[in-house]
Amino acid sequence: MQTEKSSLLFECVLGASLLGLALVHLQLGPSETTPLETLAYLWQDNGSNVSFAIRELRLPRILCAITVGASLALSGFLIQVVTRNPLGDPGLTGVSAGATFGVAVIITYADPAAWLIISAGIAGGGLAASLTLLLARASGLQHIHLLLAGLSVAIFFMAATSMVMVVERASMQSLYFWMIGGFANKEWVEFNLLWPVALSGCLASFLMAPILGLLQLDDAVSTGLGLQSGLWRLTAAAVSVVLAAGSVAVAGPIGFIGFVAPHIVRKCCRSSSGNPVPIGKLLILIALTGGTLTLAADLVSITLGSFLHAPAGIVVVLVGGACFLALSRDSVRDFS
Amino acid sequence: MIRLLSPYVVIWPGLLVLTCLVSLKTGVTGASWADVLNSLSGDPSEQGHIIATYRLPRVIAGVIVGIHFALAGIIMQVVLRNPLADPTIFGISSGASLAVVCAMSVSIALFQADGALSVSTDYLPLIWIPYIAFAGAVCATVLVLLLALDRRTGLSFSPGKMVLSGIILGAMLNALVMVLVLSLSEARTELAILWLSGTLYARGLSHVWPIIPWTLAGLAGLLVLGGALNLLRCDPQTAQSLGVSLKWERLGLILVALLLAASAVSVSGPIGFVGLLVPHFARLFVPHSFSRQIWVAVYAGAILVVASDTAGRMIAVPIEVPVGVITGLIGAPAFAFLIRRQTKVS
Amino acid sequence: MYLTAENLSVGYRSKQVLRDVSLSVDPSEIAVIIGPNGSGKSTLLTALSGQISPAGGKVFLQGKSLASWRRRSLARNLAFLPQQPQAPGHIRVRDLVTFGRFAHRGPLSSPSARDHEAVDHALEQTGSTQLADRDFGALSGGERQRVWISLVLAQSPRFLLMDEPTSFLDPGFQYQILDLLKSLVTQQEMGLVMVLHDVNQASLYADRVIALQDGRIAADGSPKDVITPSLVGELFGLNVQVLSSMKTMRPFCVPACVFGAP
């Protein structure tokens, strides 16, 4: 009973903050409106500047932030399941860096169509993920080994991206801004690029929910239960790469959401009776938490924007890093 | 522990000298072998001048930096009991970067009022950068150590926690660097990006002299603590029962590694993979002798940095690819190969 | 010289593992710690070796608290072998055994002739001389354990503490190792404290058995006095018949529940 209560409370708080943040976000800007007016503008376009700002600038930006956050959170959770390692995160496993490299190359050397950008991101991310897994596997998939393997892969792809930037100076500036990660100037074009990838990734992870539960067990055990665990681990990893690559292509590499969101959900939904939350519900909560966090980060970035240039990506890293240091204390107990 | 009479005294130094000579010969303005050799003996010609004033100091800087990273890497991997540890992960490079970018911003903010906008190096002489970077690296390191401090037992550090807080703190400091770089105007972004990828561009003897004391201190520290380091290759419990003080000797070794890495970062910026790769390479060559591994690492580190720097100057003439980018690119595949090979053997 | 624990208490996080344990070990006896899983056997041993600092109480060697010993001088008097010590990736047996001499030489000096002698002697004592130039990683489990014992012998300690020296070995090797340890203790003045899982092995080799339960000493004395049906029943929840071995006059437990017979 306790479980139900605490998780219900968490769901309510989560939903309320997501809606509240979105509403506040919609209003932020040079032209002031009341919340009711804002909603009215959403409902109906009256051709005014305010209406344009809300419908064509702020709404897609909000949707992008929520979708990117949800994708990254789910991607992080999938990585945590696949590697059975609580420190999983697309940034920390080199997936984001790989996707960044793929996108940077295609943007610099071609004038690509939208789907090509995403595919390049997926290819780069997939390459990075396989490299990290190979490296970490060679030394046993332990917490720290995965982290360090991911770091080396990330360094490699960052170096490769720098190479592109140094050799093709023309693209340096724009690539640098994109690589920091953020939602400034994200419009419907970007959202239209993002949502099909994010939606299919989310659907795939929900379909896999029952299997994800089994994958949290040891491979020997889950195989004994009749699961082709190797195959499913690969599938889950692929889905997480697609989710991460989509977000990177649109918003640049944003770190730590994939680690922080699942941990917050686990912490908040843990009960005294120890009944775990059903995995389907867990996925929804994680996605919502990721979306809310990213939206909040973007809000902070806009608020700070007047005196400091700090895109959402940076806010996320600073706040998320602090969370990481605090949260990871539990999971890092027996490293030494 | 140190046997001076071994075949390594001939082969490795020979390789290093050869790499340095090639590096001296390579550059935007071509030079012949005769030029290289003459310049070393004080040749007044134009080629000789370029080689003696620009390339030679740069090669020396590369050698010193390579030795620092290699030694720091070998210590880190043993002490943290982790074959994937790299000395640049402990927030060292990001701390150094942040300090440098901070200094650039401050100098621009102070002097921009004068009107004329030129490169920030006019306000902030290049010669100061290593000192500033060193200060930043040391601050970040202290922060990581504090975060990894085990409060219950007082003076003990959990190596795992150090890795984790180093990586996370590094990411956070990098984010701050990005904020500052973005706030700088466009002309400086490029300079900052170049410095952040690790380069030996325009590094000379004036940069090398200040870190020589650290090199000597590091070598002395390694000489005194080398026996303990050798024993720490066993698990910490066994090492402790054999007489190694985890509290003091292990901490001392970590400090030696951090000082070596921080001073190297202050000269060249973060050069990834050297400290990670070289110890593996040394283990591959002399698996049974730890003292020889240290010597091989010293030479291989220097060779790797100088060779990568040379390659960076040759790849896209007249553009110079930073040495950190080169080591990053060749490092990861080489590392994957070494790791796979080692697991196959054992 | 005695190894003495006074009112030792050790806790990990909120759990109290050792409560108020006091004992004293002679430098010429074999003391064996037995007890059920989680009774604090290994913790007691690591606390006696100075590897962990106890929350309460102190361990004394030669009347001086372990905490105030310098690590090196402690290592010359007290050797500890964890349950699964780990050797470096590639190392020759002789080089590994030479690690035992670390505490006997200065930080800057290389192994002296005396060190090499001690290493040779230690290898000889455990019958591993012919292994000296092999790679440690290529040895069998029994050979490895003999090399580890050579390592702690090279340390020439007054007390040797071992955590389950026979685990992961097949029965032949187990008794070989225990025989070796017994003969070493009688040969040279050395106290041996070890944790053993097998009550009968403890009975066969111990001069003194220390039984732990819930972090307290349940019994402490000669095998004959400690290994009784009531104590074994109390410790392990096992109904046993205790026989007496004709040759050694030591108690020997046989589970009474074999084949379901009461």
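Just so it is clear, A, B and C label the chains in written order, and each chain counts residues from 1 on its own.
The rule is short, and it goes like this: contacts are C-beta pairs under 8 Å (C-beta built on N, C-alpha and C of every residue); 3 or more make two chains touch, one makes a residue touch a chain.
These numbers were taken from a predicted model, which means no experiment stands behind them.
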Would you mind checking which chain's C-alpha centre is most distant from the centre of chain A?
-> C
Per-chain CA centroid nearest to the all-protein CA mean | B
Please report how many Å separate the Cα centroid of chain A from that of chain C, as a whole number.
-> 52
Whole-Å separation of chain centres (CA-atom averages), chain A against chain B | 33
Note: chain C sits from chain B at a C-alpha centroid distance in Å of 44
Among the residues of chain B, which ones contact at least 2 other chains?
-> 342
Interface residues, chain A side, partner chain B - complex = 87, 91-92, 131, 134-135, 138-139, 143-145, 147-149, 151-153, 155-156, 158-160, 162-163, 165-167, 169, 172-173, 176-177, 180, 255-256, 308-311, 313-314, 317-318, 321-322, 324-325, 328, 332, 334-336
Complex interface listing, chain B residues touching chain C = 1, 153, 223-225, 227-228, 230-231, 233-235, 237-238, 240-245, 249, 283, 287-288, 290, 342, 346
Parts of chain C lying in touch with chain B, wherever the complex brings them together = 46, 49, 51, 53, 70-72, 74-76, 78-82, 85-92, 95, 99-100, 102-103, 107-108, 110, 135, 137, 151, 155
Could you please specify the touching residues of chain B with respect to chain A in the complex?
-> 82-86, 89, 147, 158-161, 163-165, 167-169, 171-172, 174-176, 178-179, 181-183, 186, 189-190, 193-194, 197, 236, 272-273, 276, 316, 319, 321-322, 324-329, 331-333, 335-336, 339-340, 342-343
